[in-house]
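Provided herewith is a single structure, encoded as structure tokens, for subsequent inquiry.
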Amino acid sequence: MSKFKLSRRTILKSSAAGLAALSSAGLPRFAQAAGLTVGIVYVGPRDDFGWNQAHAVAAAALKDVPGVTVVEEENVPETIAVEKSMESMINLDGANLIFATSFGYYKPFVLDLAAKYPDVQFRHAAPLWTEADPKNAGSYFGYLDQAHYIDGIAAGLSTTTNKLGFVAAKPIGTVLRNINSFLLGARKVNPDATVQVIFTGEWSMPVREAEAANALVDAGCDVLTCHVDGPKVVIETAESRGIKCCGHNASQAPLAPNGFITGAEYKWETIYKMFATDLAEGEALPNFTGGGFDVDFVRSTPYGAGATEAAIAAADAAREEVKAGQPIFVGPINKQDGTPLLAAGESLDNYEPALDQTDYLIEGVSGSIT
Amino acid sequence: MADTTETPGFAVETSMASDLPERFRRSAEFVVIPLLALIVSGILFSVFLALLGKSPVGFFALVWKGGFGTSFSWQNTLVRAAPLVFTALCVAIPARLGLVIIGGEGALVLGGFAAAAIAIPMIDWAPTFLLLGVMAIAGMLAGGIWIGCVGALRHYRGVNETIASLLMFYIAVSILNFFVEGALRDPSDPNKPSTRPIGSDNMIGVIPGTDVHWGLLVGVLLCGLLYLLMNRTTFGFAAQVAGGNLRAAQSQGLPVGKLMVVSCAIAGACAGLAGFFEVAAIHGKANASLVAGYGFTGILVSFLARHNPLVIIPVAIFLGGIAASGGLVQRRMDLPDATVLVLQGLLFVVILVSETFYGRLSIFQSKGEA
Amino acid sequence: MGDDPGLMTVLLAMFAGAIRVSTPFLFVSLGEMLTEKSGRINLGLEGTLVFGAMSGYAISYHTGSPWLGVLVAGFCGSLFGALHGFLCKLPKVNDIAIGIALMLFGTGLAFFFGKPYIQPSAPRLPSISFGSWSDHPGIRQALEINPLFLLGIALAVFLWWALRNTRFGLIIRTTGDSAPAALALGIDVNRVRLLSTMAGGFFAGIGGSFLSLYYPGSWTEGLSSGQGLMAVALVIFARWNPIYCFWAALLFGAAGALGPALQSIGVSRGYHFFNAAPYILTLLIMIASTSPRRSLKGAPGELSITK
């Protein structure tokens, strides 16, 4: 057990829940890795240069484990299709471990199947598993808002108009949290900074993403970042408009040789490699695995030509602080409508479960979520 | 359309002289030509695979295994066929009038949304049968009005129904997203905007002994009912006449406008019912997952069935099987998910081309004619 | 009015958006217009557009020449057009249905062969600056114009002239208005339609390559959001007139820019509907501009959708 790098949150959770979350006792152990078939389900194309590709590249680590067969299926929608795809992996391919990598797979599909197939292990890429859920299910997740916070710090020192642009797909919890953290980073080093957000309404809609990016530049933003499935278009638009940008999901540094500052990336390979090691040693996988910079689950893209020395220094320092557990959400912070979120002197832990439920934007962000 | 008398010169009294009874020859045409078309598609697709260095035999063996080879595969196939039955009816009924409706997906989405929305104030007090009944009616009404509008626009304004229905699909999705991410959003789930769940106790169960929800059975019954309506009633006969020659029908005093609007409304109600079952049997709530493409696959099903409601059932199962095996093909043969799209497109083209052979193959003509 | 910076921003964004987004609409609608003028409708241009986007991007990536990509995209498009034209000449084969089938087939093939090209960066088409006279960065940016846009305008004018004034134009129009009349004149109706559909496919392929090679400028599976089909609606709205096709394409481009532009000045309530503006606008225009009683002015008599 000790080799798991436990996140603060996991420890918080498990101590509250009597350590059951971490205990592998009672879970069916994989006697040996040999004969293990791992099924992985993706919501989009495996080579989308974004979310799905980040998983697919990292999950390749599992293929190197002797005796492990990996079967993969892409473009599986969040409908009954995913339930049947996972079941097909179990019934026809003999899969005994399933990774479901899209948010909407969990409820009801993963939960239903976990109850139906108690001998199969399910792991889902979002912080959703709780004590009440089946013990053969679980969650793994990287807290990307920490990296967006670092982006914000670098961006706050790079802007001259004090207007930062954010192209976002949908107003859901994780996206809102990333936007808020981005602003908090920028405000930490530049109290005048504001973030302008445009929602495209779809996870992948290139023409509208390009239009949104252009509209933000026209409105005076001189640093852009985004949270959409494939950030390629936003980054390339920023570059062609001659402004700076921060990436998302994977490294977009080569797409913007002049203006790229840094980017927020998941480091799924840490998690998948950890799982691979467990499998090779016949260990059971933990039910809840999550973390940020502290456990190397997220990273910042290496700085590009757009990063100034001051930005690099401030971002590097802030990353060390976050790694050490210094909170991102430090009061006073008001929500967009002026109601207080945190009073002066208050702060939220970076793994505070309430942050998973973010349904607001904070003051300093313009753009409404409805 | 399948049983209209498309072959010229019906009054041939020479069947005694031929080897086979006349009636049998005629119906044989409707079996043999589609079968030949299937075989030709199979051959063309085999060539496609062979050119790419993949084994056609392996492919079809996997399609068989994944779609029909095991009892699990059958369940998988039937679950995927259920929504297709409804959405195919949404194309087939207006097709009798010569209308090509391709926006059934929009009616599905709105039907599902209406069902989930009307349930919200009822969940706490209404008994299950009342809740589901009201939801089903709401879904059918929403879908019926939506596509009914397409028919009305066609008749009263001369707006092309194919394009109007497609445009209205995009509008339907924006209506869904507007409410699901706004006024009707359930606050308990910030990460996948959805309406309030109807609760697992209220959900429609599965047919005993299977994984398939009752929607499939309802779909099959509906196909039978609509077959009777279109082939055994004055309404169906009038629709047929109007579809054959609009001006003639008008000059005979048939209420063409009413026929169009009613047919389209029935069609939309079918698709709306598909949306209701997605909500009441699969998701338990309305969210963006309702936009899953069933409406578009339904177009293919209806054309393959030559818009005959009874033939829709086996064709939906056939295409459900192809969809069910798509994952297996991806996993075992390392082919992209788009393989199924290519196969569907090819099937579609070949089936349409096969139309040209009805009444022209001499083997099906009695000797006096040939 | 001009003092309001918000309004100015939106108007400028819509102007810029019209120029940026309209080119695919323009090419597809000109292609569809030509096909429809000959008496057939090709709904498969959506598939052609997507395949053109993929093939253009792939060729540009492999050869380093985006213009060769444009050409190949057009060539692939004309192959799809040829398939449509050939199949539709068979008796009892419905052109609308074949179009829907080819839409599925073209999209499927594009996704199938496009997997390896999602990630690589291909050389893109250059733009020409027409805005150096202005100090305003927004205007300067808006006047960064791609040569394909200019080519599209030239093509619209040429088609407008050629359809009226040349023998080919007369042949196409006659074929589209009345096949029996064309036959009586000794015109090979099927051949004219085949060639018109091929030319239409060529233009649609080029429209697709604009998407992947200029704006937004990369190949992904979500690249087209129905542009190919909306262009078909646009042709009806433009009354089969190439010059009107150009204005309609500009209008659609501007409508597409509306949603993001409004959000950028802080108007974001109901952004789903602003984002759907092009679809809503198309529908409203079709409702307003059609009539059940008289056939549309300029409509080819043989066209199945207006009969």
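Going in written order, the chains are labelled A, B and C, and every chain counts its residues from 1.
The rule is short, and it goes like this: a contact is a pair of C-beta atoms (placed from the backbone, for glycine too) under 8 Å apart; a residue touches a chain by one contact, two chains touch by 3 or more.
Predicted model only: the values in this text are computed from it and were never measured.
Student: By the contact definition above, name the pair with the higher C-beta contact count: A-B or B-C.
Tutor: B-C
Student: Select the chain at the greatest separation from chain B, using centres from the mean of Cα atoms.
Tutor: So the chain farthest away from chain B turns out to be A.
Student: Per the centroid of Cα atoms for each chain, what is the distance between chain A and chain C, given in Å?
Tutor: Between these chains, centre-to-centre, one finds 38 Å.
Student: Counting in whole Å, what is the centre-to-centre distance of chain A and chain B, each centre being its mean C-alpha position?
Tutor: Going by mean C-alpha positions, chain A sits 38 Å from chain B.
Student: If you average the CA atoms of chain B and of chain C, how many Å lie between those two points?
Tutor: Distance between chain centres, rounded to whole Å: 29 Å.
Student: Chain B: which residues touch two or more other chains?
Tutor: In chain B, residues 174, 177, 181, 336-337 touch at least two other chains, as defined above.
Student: Can you pull out the residues of chain C that are in contact with at least two other chains?
Tutor: 115, 272, 275, in rising order.
Student: Mind pulling the chain A residues that touch 2 or more other chains?
Tutor: In chain A, the residues touching two or more other chains are 45, 201, 370.
Student: Given the complex with chain B, which residues does chain A contribute to the contact?
Tutor: Counting only chain A, the residues touching chain B are 39, 45, 71-81, 84-85, 87-89, 91-93, 103-104, 108, 126, 170-174, 176, 201, 356-359, 369-370.
Student: How about chain A: which of its residues touch chain C in the complex?
Tutor: 44-45, 47-49, 53, 196-202, 204-212, 214-219, 230, 232-233, 236-237, 241, 254-255, 366-368, 370
Student: Under the stated contact criterion, what part of chain C meets chain B in this complex?
Tutor: Touching chain B from chain C are residues 43, 47, 83, 87, 90-94, 96-98, 100-102, 104-109, 111-112, 115, 226, 229-230, 232-233, 236, 270, 272-273, 275-276, 279-280, 282-283, 286-287, 290-293, 296, 305-306.
Student: So in the complex, the part of chain B that touches chain C is made up of which residues?
Tutor: 6, 100, 102, 153, 155-160, 162-164, 166-168, 170-171, 173-175, 177-178, 181, 299-300, 303, 336-346, 348-349, 352-353, 355-356, 358, 360
Student: Write out the stretch or stretches of chain C touching chain A in their complex.
Tutor: By the definition above, chain C touches chain A via 9, 12-13, 16-17, 20-21, 115-116, 118-119, 121, 138, 141, 211, 215-218, 220-223, 225, 256-257, 259-261, 263-266, 268-269, 271-272, 275.
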